[in-house]
Amino acid sequence: MSHGEQGWRQRLYLFLFDVHSPAGRRFEAFWVVITLCSVLTLFIESAEPHNIGLSIKEGSIFLLLEYIFTLLFSLEYVLRVLTTPRPFHYIFSFYGLVDLLTTLPLYFLWLWPDITLRYMMGIRLLRVLRLLRLIKLLRYMGSANVMWDTLVSARKKLFLFFGGVMIILCVFGGLMYVIEGPEHGFTSLPVSVYWAVVTMTTVGYGDITPHTPLGRMISSILILLGYSLIAIPTGVMSSYMTDVMQRNRQKRCCSVCKQTQHDDDAQYCKHCGGVLEDKHK
Amino acid sequence: MSHGEQGWRQRLYLFLFDVHSPAGRRFEAFWVVITLCSVLTLFIESAEPHNIGLSIKEGSIFLLLEYIFTLLFSLEYVLRVLTTPRPFHYIFSFYGLVDLLTTLPLYFLWLWPDITLRYMMGIRLLRVLRLLRLIKLLRYMGSANVMWDTLVSARKKLFLFFGGVMIILCVFGGLMYVIEGPEHGFTSLPVSVYWAVVTMTTVGYGDITPHTPLGRMISSILILLGYSLIAIPTGVMSSYMTDVMQRNRQKRCCSVCKQTQHDDDAQYCKHCGGVLEDKHK
Amino acid sequence: MSHGEQGWRQRLYLFLFDVHSPAGRRFEAFWVVITLCSVLTLFIESAEPHNIGLSIKEGSIFLLLEYIFTLLFSLEYVLRVLTTPRPFHYIFSFYGLVDLLTTLPLYFLWLWPDITLRYMMGIRLLRVLRLLRLIKLLRYMGSANVMWDTLVSARKKLFLFFGGVMIILCVFGGLMYVIEGPEHGFTSLPVSVYWAVVTMTTVGYGDITPHTPLGRMISSILILLGYSLIAIPTGVMSSYMTDVMQRNRQKRCCSVCKQTQHDDDAQYCKHCGGVLEDKHK
Amino acid sequence: MSHGEQGWRQRLYLFLFDVHSPAGRRFEAFWVVITLCSVLTLFIESAEPHNIGLSIKEGSIFLLLEYIFTLLFSLEYVLRVLTTPRPFHYIFSFYGLVDLLTTLPLYFLWLWPDITLRYMMGIRLLRVLRLLRLIKLLRYMGSANVMWDTLVSARKKLFLFFGGVMIILCVFGGLMYVIEGPEHGFTSLPVSVYWAVVTMTTVGYGDITPHTPLGRMISSILILLGYSLIAIPTGVMSSYMTDVMQRNRQKRCCSVCKQTQHDDDAQYCKHCGGVLEDKHK
């Protein structure tokens, strides 16, 4: 690849996909709108019960729109692969795989129309692939990264906490399995543990409920015990989130006065007015 | 308009609607009581199933009371329009539109008795218009303004948070749509997302519940993941509410000693005893 | 009344009911156990469906136990009235009325056996009167007073908050009443508001659920909005409870070194070792 | 017992069960994996409805696996009893009893095959005994100890709080028992109190729901009151957990520089680099 082509590719990449250039910002808005429109179309199409799959009737407005969205997302994927500095890194990255997978439903329908439409499972899978286009939006959301970083930082504490909670859930689920038994819906141990999760977290569907006096007493104890324990992840998450946000502020450093603590959305140094470097570099 | 009329109107406005004059305070109490009575009447009327609409039987106690309330609220609206310093600003303001709309039900009934009563929808709409009189009370509640200001201040963070949560909800809803399918109530994508909202927030109606082992496992993960994430708006709201209340305290400044930090309900400066200006000016 | 009798009465009162004398402490334990036994008996009796009322069959173990409890509580009431320094103040106080009412069920049964047993309502009322004996325990619980003081201190803020929440609940309930209508269980406005309370607080019984797409969308908004707002009373209560506990510590003052900040259960001054006065005096 | 044997036993104990030696750490991982495998097998076996008990069919994969797990856990128990410094203390300790009980199911089946398999209760009990193997994991979880210490420290406050809450629950349950009555599912006082627990904690199964207007109004009050009160254990738990974690840090003291405040997982003093003693000694 010649140097000139390299420069042309890099300029196109900055122009199209770098959210820190003015053109990139406008394209970001464009892709967000297209993605949201695509999902909205899917929702409207899916809400009508007599619509199956991509509503194969030729000329259907939904099929037409899906043609357009597939064309646009294919174009986006090809452009990203061609212009990105490290194509293979992109193709096998999380966002690369999501970009590819969510473009494919219509192609699957063209390749194997019989297989995908004969089985309800196939139709539903195609729909969900189109739904996953929402994940493309995550790359434009800074707050999603904060949440993800928080989950990663707190993973050890959360893991230990949920380990302890799982033991409590299994013990109580097992107790109810013995006390209530299959005749009241506690048909197996996994079902009883599912009941314990639904009860302790106060979701309480009511599809499985205790009927014996002893079972109801033990449910009440599980609920009240859970109420004292389940608040802990909240505290863990809050303290880690504060840490992550603080660390993010310290990562950005003004190149002029070398001071940190700039807000995520700041573009100029608040101490000397110098232009701040891109935080994602 | 002559200067004398201006003064007469302004004095009447201060007398009737300014909650900072002694007479205005008494009128405030009067309007609060009337509004609450009106809604209470509506509740009692609506609780009896054989009462439809405004119980058209002549001489009914409910119709009589509604005559009185409509008269009073019409009077209030006319007086407000006539005496307010900026009539057009009031008419097209939020409270102006609420005041007008909630006065109209009985007039609609007089104008189009056939249309409004033939359809259940019309009857129900008239009732809800009367219910919205409750919104008139918001203008007398300082704390409602604090909540509203908090929501407005935190709107960007809340928007990003709920954006991220919506993506999680859609992904889990889509997964359950594939796994459980229409035979277990997950008839379409919007329904599955509605299920995910009801589950992740621990409401748990139980109208749609997972039945397959895999579906129940994924529900449990959604519940426990949600439990770690959903607490975040609480923290966001708390910190913004503290900010808003702090800012409200700093807005009021004693005209004598120029010190701020006075409580919302303070009438005298706590540093020099001077009369504090009205904070709403 | 002679002075000797006065002294005799006061000594008996301190001996029997003052929880700060050693004998009073033992009597306190006695009354707590008796009250708990009485309620436990009631629960066991009530759990058997073929037992009605006080199980009138002569010789029944439950009737026998209730004879004993009624005798004991009657004795306690008479002793309290006779020995308390201000009999009329006690008789018309909250605890005095509770003591009297919860002693009466068996007497009612003797006086009007036909009336109380012919109607299920009468039987259930007698049972609940016996259940209210639990309220007698509150007088021995310091923490209950802290909770009550907190609720009283925070009443203005909580009132305003719940006022604002009620308006949101009524508006959303009204909207759902128009959208869903009686055919989906929203039969009247009070029922719709009850649905809104059950939904916004994440209780989610599932006895009334939205069925139309628009109704489900509005429910989701109510749930997510509620989730951001409903956490506020938690914060209000916490901050007021801290205040109340701090104030309680400052109320107790060592008579020797005049320093405050003693724990609720401290009996000696932590600064000079002097005996602390009773905090309830 | 000779000194040589003593030393041999102690070395074996350190080698096998002391989680602070390198070999002990590897054995810890081994036991955790075996325990999790054992419970996973149980879950898979229990999920198939036609499998009863230990699926007695000779040659079943589940029976074979249970043979292996029983052998391993028996070996572990015997080794622990033989090598532990204080055998009787271990045998009658909580973990000793759990280790013994969860090893026994297969032996019970060999001893009394008729009794345990004829009754569903017996089969279910054997399964739950195998499920309790999860409790063995608690000994490897430091955070579980923190939770337990927190519950023990806060037991007095939590006890008083739940005592107060129980009184509220009983009073509201009793009220609903009178108002709604058996015809709406409130068949007895314990059932009504169970309903109050499920409602106040926002679980809301929906198996018992109020149907009368008055009952729904009282339910709403219970929900909103509960919402203000039930957050208190969260606060109590948080503050005590902070205390317990702080105390744990202060318990560990560097033998070189005598400074405390080392993290739970620290192996070297952060002030002088000296090796820290085992915190569990």
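Chains: A, B, C and D, in written order; residue numbering restarts at 1 for each.
Note that contacts are C-beta pairs under 8 Å (C-beta built on N, C-alpha and C of every residue); 3 or more make two chains touch, one makes a residue touch a chain.
Chains and their UniProt names: A, B, C, D = Transporter.
Note that the structure is a prediction, hence the values are computed from the model and not measured.
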>> Among B-D, A-C or C-D, which pair gives essentially the same interface as B-C, with more than half of the residue-number contact pairs in common?
In response: C-D
> Same or different: do the copies chain A and chain B touch each other through matching residue numbers, with over half of them shared?
Replying inline: different
>> With a Cα-based fit, what is the angle in degrees between chain A and its identical partner chain D, given to the nearest 5?
In response: 90
> Counting in whole Å, what is the centre-to-centre distance of chain A and chain B, each centre being its mean C-alpha position?
Replying inline: 32
>> Based only on mean CA positions, could you tell me how far chain B sits from chain D in angstrom?
In response: 46
> Using mean CA coordinates as chain centres, what's the chain A-chain C distance in Å?
Replying inline: 46
> What are the residues of chain C that contact at least two other chains?
Replying inline: 47, 190, 202-206, 213, 234
> Touching chain B in the complex: which residues of chain C?
Replying inline: 157, 160-161, 163-164, 166-167, 170-171, 173-175, 177-178, 181-182, 187-190, 193, 199, 202-206, 209, 213, 216-217, 219-220, 223-224, 227-229, 231-232, 234-235
>> For the complex, give me every residue of chain B touching chain C.
In response: 39, 42-43, 46-47, 49, 120-121, 124-125, 127-128, 131-132, 134-135, 137-138, 141-144, 147, 151, 158, 162, 190-191, 194, 197-198, 201-207, 230, 233-234, 236-238, 241
> For chain C, which residues are in contact with chain A within the complex?
Replying inline: 47, 202-206, 213
